[in-house]
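Labels run A, B and C following the written order; every chain starts at residue 1.
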Amino acid sequence: MTTTAQPRTARLTYNRTIGVAAMQGRGFYYPWSVAVAADGTYFVLGRGSDSDPRGVRMVAMNLEEEYFGTFGSFGEGSGQAIWNASTAIDSQQRLFTSDDHMNRILVRTLDGELLDTWGESGTGEGKLNGPNGLAFNSKDELLVSDHLNGRVQKFTGDGKHLATIGEFGSGDGQLNLPWGLHVDADDNLYVADWGNDRIVKFSSSGEFLANFGSVGRGEGEFDAPSDVCVDSDGYMYVADWGNQRIQVLDADGGFVEQNEGQATISKWAQDFLDTNVEESAARDAADLDMDLMFNTDDPHERSAHIEKLFWGPTSIALDNDGHVLVVDSNRHRLQVFDVVTSA
Amino acid sequence: MASKEIKLMAHLMRRAGFGASRGRLDELVEQGYDETVESMLSAIDRPTRITDNLIRRYHPEYSGMMGNQSPSGNWMYRMVSTDAPLREKVGLMWHGMFATGYSKLANGKVLHDQIRMFERHGMGSFKNLLMELSRDPAMIVWLDNSENHNGSVNENYGRELLELFSMGVGNYTEHDVKEAARAFTGWTIGNTEYMTLKSARDSVWPYGRLSFHFEYKEHDHDNGEKEFLGHKGNLNGEDIVDIICKQPATAAFLSRHMYSFFVADEPPVPEWPYKEPRDPEAIAALSKVYFDSDYNVEEMLRFLFKSEFFKSEQARYQRVKSPAELVAGVLRLTGEFDRPKVDMNPTNLQSTYMGQWLLNPPSVEGWHWGTEWIDSGALVERVNFASERLGNIESPGVQTLIDRILSDSNGGLNAEELVERALDELSVGDISDKTRSALVEFAEVQVNQSDSGNAGPEQVANVLKLVGATPEFQRA
Amino acid sequence: MVTAQHKPSLIVIQLSGGNDAMNTVVPYTNGIYHDSRKAIHLTEHNVIDLNGTLGLSPSMGPMKSLWDAGKLAIVQGVGYPQPNRSHFRSMDIWHTAESDHIANSGWLGRTIRELDPEAKNVITGINFGRGLPRALHAKGVPVASVGNLETYGLMPDIADRMTREMAVDVFARMYGPDDTRDAMLQAISETGMGAYLGADILRTAPAQYSSSIEYEGVPIAQSLRDISQVLLADVGTRVFYTQHAGYDTHAGELENHAKLWHELSTAVNDFIADLEEHGRGDHAVVMIFSEFGRRIRDNGSGTDHGSGGVAFVLGNPVKGGLYGEYPSLDPSEQLEGDMKFNNDFRGIYATVLDQWMGINPQEILNKNYEQFDMIRR
């Protein structure tokens, strides 16, 4: 990846961390995706742990860590989910979630009332096999990452199939276990092509436009990227999941910066520490940002040891106020960054 | 009727791996026994079909590893998909010997890290393995070595190192235990207080579990003169390990464990001081290899698999499958986990119901093996699990088994043939006449009841279920 | 068929996760209680009063009925020296009745062995759930684990009834006695026969059962219903064990705790009524325990692990009332923010073993523990 001649200025500065580990009430348990409503509310979708159904739910909160409530539960029944995958909100403020085991999409009001359920298992046109990433275009059409079918499909909000984009493979315009999606203001589609370690861009009519990145740890290289979002200046923010970091690329795919995570104690985390004085004291006496020798050269191991780093950043999204939200799943929190537009 | 070569190869695969399908056995016999032993031994670097990234993409809990089913669920994926099953079997052996558990650590990640350490070092030098074990953060907390201080010695690790991990009771004195413990003072983990407090309180807050890391605290190490097994000096942990490895008792103890795990069930360890090994000559021979090869586990295994005592008819079916082996073996046959699926967690739980909760043993003594695996509750679980999975015609592996059994059956199989083929495909040999005649009667009714009067997939599936339910299926 | 000699039965219900004693038996007139639990305290308006200073959690109505009938004994301040706040370790301590070192066998496993030393009846003790809790484990002691009585047995996945029956028949033949087999196979076969016989006996229990009681469709109620069916079938089972999970209320406690106790109270009350209806109320004692209590101060949404819990012993043969003392909440009396125990849990074990089951508790517990005068003679 060639670097540009211009000096790179930072695009992101760390703002804060929100969230804490909790299966019930205020907190998250393996949060997997976030969607932002028009009024600024964050809807954080919990994947939960396979061994305990309580973490499978949606939590509504905001940047100030005000807790608004929770809904959704584990199961195969109406309004339930087995493997919560992704969430997105359309212009009518309907909240959509995908379940990549049940192969279906749930549609709700922002209060959690179930409006609709659709989706059929299969490989044929309009059928789903492992739907995860979700994104709406300017016409309120829903793009769904149909990952086990190696493609993205376009549906109306009530599930009528409109188009199929991409097919399984590693060539141009092909996808391998794609995950997160983003649609920009021009209705271009960006796909986190997880299995091919790159971001793929398609036009609004589904034509292949470009690949960004290739496998690796270097600047502009990815290892199993899980999500991407693009701001109005065309900067791409990539959740470089396997490398436990996020990267920023410019509109041409040029590397701008990377960040391995800088989490601090959130309000909810502080509540816990305030009530658990011994644990808080022991924590204060500990060094949680140590320089360690690892027996494997694996970012996953590094993040397991050092608490502030991203660990399993599954999703990345822009809110309405110039923030980039990173869903830091193994740490049950979101790390929030300010987008710095140079004056 | 399987040939002698097939039976021997099946025996090797049940021991050095989790079993093999009849089709695979044919391939391996073509390759040759010794060549197969070599490829099993050397297959330590092949990636598994189900990679870490793939597992973590679906199961966040097998990534963040907070809870008590996470390290075993992750391990089960590897056992089920690996191309190097011997590595996992060796890991199971070490885990049984160096049993470390969630009940005290309350942290799935550090337990998983220990198993990964067994994968990296488990087939090399035993001395190196003991060194790694002494530095393993999960072990350190499990046996309280983080509480072992200069001037305030905690003997737990020193004792178990000698009693359970190397020489065995009767080969050292209490004084040796104390001196060994003194030598390991300062061998601890970083952020000791915070980490042990989080374990004691089972704290996942605020942001999940944190992995432990080894830290040697020089200032907390007892630098005084020590005497251990006749050796004097300012001994440190590595010196203790060095001296231990030189002892014939270590060679014998390790060899007996290996024999029990790979050849034939020995009595439980607490009985070893009073009960002679089944085959003292085999133990002596393995001990010799231990020394000749400079404590090399791979060399010992090579010798073991090629030995007469292993290949002999006397060794066939002389082990009871541990629950993990039974579950993994069945799943490898059914092929139902060709990729991560939500069903893995409840499936993996079956091993717990059968009495073996991996990474959560009842104590540092691990589990009692052999017929002690088979209590009435566990047997019902084993039988029900095996019969249900092996008779599920939706599973790709079962379809393959059924196709093979029905292939070349011209006029249709009679009951005896059906049973014979099913036993052959599932590598269940040496069955008693009682078992055989009961199975044949069942098969007869199945064949007669079928629409065509011939055995079809459903009938074959039912016979497979019954084979999975036999007493003989419990054995490896 | 075993003749109905109605020997005393013990039913043990384990509340897994660490039941919050303070919000179960509530010191609702104590200011410290309200100050320490701003987020989750219960007030005089919601508790069910017992004696003017203590009240039960509002969802425990059916337990109050048992209390009013004089059948509910509440043991306060239960625990053991040097409380352990790890689920596993603390539960192990309760299971093995050993707090000083790690023991291998469970107190009920030892009890079953004492009741049936030659294992003549393989279903003397039954766990209603999957797997075998340590409490019931003892070497050589057969214990059945019944996840669901209706479907319990060998190869329940075989859909076709006749095929299944034949399969089970085949099983019995394969595991039947056979001297030609080696020692290992003989041992496996013996255990198999035991399992088969046990399953064979147990599967008749639901068919013999008829009752006007309608248990709720939740797991704990279904387990208690299964227990009732087996008890009423008179197949010689003396020890029954089951678990109710979910008590680890670190967050969202008010709602969750209420739901759990609603389920449990209703189920237990239904169970007692069921036994009564069949004239068997005098033959069973129920014991309810949890591995520890929880911290005095809440964490904003729930409570974290603590110590000093509450246990319940109930049934017709029980003298209802409060036993032991409610631990003091005074800061000077707290144990690092937790309640101190004043009753060693093994005293309850000793009481039911000695006064109810007729077994020498020293044999089981290896030590003498002070008993309660809790069982009617």
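Please note the rule applied: a residue touches a chain if its C-beta (ideal position, glycine included) is under 8 Å from a C-beta of that chain, and two chains touch if they have at least 3 such contacts.
Remember, predicted model here, so these are calculated numbers, not experimental data.
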{"item": "Chain separated most widely from subunit C, comparing mean CA positions", "value": "A"}
{"item": "Pair sharing more residue contacts (C-beta pairs) when A-B is set against A-C", "value": "A-B"}
{"item": "Distance from the mean Cα position of subunit C to that of subunit B, given in whole angstrom", "value": "34"}
{"item": "Distance from subunit B to subunit A - Cα centre to Cα centre, in angstrom", "value": "38"}
{"item": "Rounded Å distance, subunit A centre to subunit C centre (Cα mean)", "value": "44"}
{"item": "Per-residue overlap in subunit A, given as positions that touch at least 2 other chains", "value": "272, 276, 278"}
{"item": "Subunit B: positions in contact with at least two other chains", "value": "201"}
{"item": "Junction residues of subunit C, two or more chains touched", "value": "304"}
{"item": "Complex interface listing, subunit B residues touching subunit A", "value": "52-53, 56-61, 63-64, 66-70, 73, 109, 117, 120, 190-191, 193-195, 197-198, 201, 203-208, 210-211, 213, 342, 344-345"}
{"item": "Contact footprint of subunit C on subunit A as seen in their complex", "value": "22-27, 271-272, 275-278"}
{"item": "Residue ranges of subunit B in contact with subunit C within the complex", "value": "102-104, 106, 199-202, 265, 317-318, 320, 349, 352-353, 355, 360, 362-363, 370-372, 374-381, 383-384, 387-388, 391, 432-435, 437-439, 441-442, 445-446, 462, 465-466, 469-472, 474-475"}
{"item": "Residues of subunit C touching subunit A in the complex", "value": "250-252, 256, 297-302, 304, 336-337"}
{"item": "Residues of subunit C touching subunit B in the complex", "value": "84-89, 92, 102, 104, 122, 127, 130-132, 134, 139, 142-145, 153-158, 163, 166-167, 170-171, 173-176, 178, 180-181, 184-185, 187-189, 191-192, 194-195, 198-199, 304-305"}
